Amino acid sequence: MPKPWLTSLEVSTPQEGYELAVLMARVAVKMTQPSDDIRRKLRTVYEQDADSLIASSSVVATHFATVAAANNYWKESQC
Amino acid sequence: MPKPWLTSLEVSTPQEGYELAVLMARVAVKMTQPSDDIRRKLRTVYEQDADSLIASSSVVATHFATVAAANNYWKESQC
Amino acid sequence: MPKPWLTSLEVSTPQEGYELAVLMARVAVKMTQPSDDIRRKLRTVYEQDADSLIASSSVVATHFATVAAANNYWKESQC
Amino acid sequence: MPKPWLTSLEVSTPQEGYELAVLMARVAVKMTQPSDDIRRKLRTVYEQDADSLIASSSVVATHFATVAAANNYWKESQC
Amino acid sequence: MPKPWLTSLEVSTPQEGYELAVLMARVAVKMTQPSDDIRRKLRTVYEQDADSLIASSSVVATHFATVAAANNYWKESQC
Amino acid sequence: MPKPWLTSLEVSTPQEGYELAVLMARVAVKMTQPSDDIRRKLRTVYEQDADSLIASSSVVATHFATVAAANNYWKESQC
């Protein structure tokens, strides 16, 4: 991934926050398996496996919670 | 999914928040497996698999926690 | 499920909150597998599978955390 | 389980909070599999399965987080 | 485990907090499988299983989040 | 790992926080399986297993949430 790839958690919209969460979920995979070739091969398998897809959606959900909190849920301050 | 599909986390009721959480759980799957055909095939399998159903319920629970916080749990401000 | 089925996260006691969390965990399953017959069949399997039971307990735990926060942990305001 | 079994999340010590979290993790299992006999049989299997033991520890961890927050981490109020 | 084994969540450093989280993850396993012999046997298996190791790391992460919050992240009050 | 290896959760940027989360996820594995040789062997397997990679990404996500909160999401204080 580009370096630096994560300079801020602040994004303009929930959807951009969601896309950032997807990126954050993938970077950890890249850090453990840096080979683009191997990841591409793994992808052809897990993108056809419902349980793998659900598991990666779960990682996105955890990161999205963090990004949303960092952006005060994209609303006026609560205090 | 429509683009933009996630413009705000604020919804009127907990039930709408729950439905948004279900959508948020599914979008990550769509982003990893964009083919409607393949997802439809996967669905015929995992919708008959208790463990897959429980796992997807878990992703919904994580997103619901975020949506609920974003809506101050649909109650008067705590501040 | 009744519609509306989730009008508020506020309940009187932790135990009612726990029961609400159990309901919230099950609704996502119902939304993915609407057939009562199929869910009944799946149930006969997973209710005999320790790992499935633990996994569903985990979903309840995540929802309970949200319900508990929504009810300020059933205690006087902290602020 | 006794009924009512969860009247408050407030306990005197972290250890009591941990024991409450263990109870909370087990009650969801009981609610899905009410038969003491079947649960006893399942137990003889999963108590010998490292992955099941780790998975149940994970549910305890999620409930403990809630109980700890409900007790303000057993320290003076932060407000 | 010693009794009492968890008298406070307050520790001096993040590293001590991490070690406490590891203990908290293990105690739930001990409570479900009290036999030191059986746990020792299970350990020889799961300590060679990457997925079990990752799963136990996940439980540590959940407990660490609680311990860190209890210690205000080991920094001056945020308010 | 170096001892002490975790003296503070405060880091300058989200990316450093992410790298800290990766370290925190790995240390628990090291504490359970201290042998560098065995971990190296396990790694050759799980780095080729999509589900293991997703599972380790999930642990990173949980730790990152803690590190991000500890750093007030790298933004001005909310208070």
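As written, the chain order gives the labels A, B, C, D, E and F, with residue 1 at the start of each chain.
By our rule, a residue touches a chain if its C-beta (ideal position, glycine included) is under 8 Å from a C-beta of that chain, and two chains touch if they have at least 3 such contacts.
Predicted model, so just to flag it, every value in this text is computed and none were measured.
Chains that touch both chain D and chain E are absent from this assembly.
Fitting chain A to chain E on CA positions gives a rotation angle of 120°, reported to the nearest 5. Both copies, chain A and chain F, contribute mostly unmatched positions to the interface they share, with under half of the numbers common to the two. The mean-CA centres of chain D and chain F are about 26 angstrom from one another, to the nearest whole unit. Chain A and chain B have Cα centroids lying 15 Å from one another. Shown for chain E are the residues in touch with two or more other chains, namely 49, 51, 55-56, 58, 62, 65, 69, 79. Viewed as a network of touching protein chains, the structure reduces to one closed ring of chains, two contacts apiece. The sequence of chains round the contact ring, opened at chain C and continued through chain D, runs C, D, E, F, A, B.
Looking at the complex, you find that chain B touches chain A at residues 4-10, 24-29, 31-33, 38, 42-43, 45-46, 49, 51-52, 55-56, 58-59, 62-63, 65-66, 69-70, 72, 77-79. Residues of chain C that touch chain D in their complex: 13-15, 18, 22, 47-51, 53-58, 60-62, 64-65, 68-69, 73-75, 78-79.
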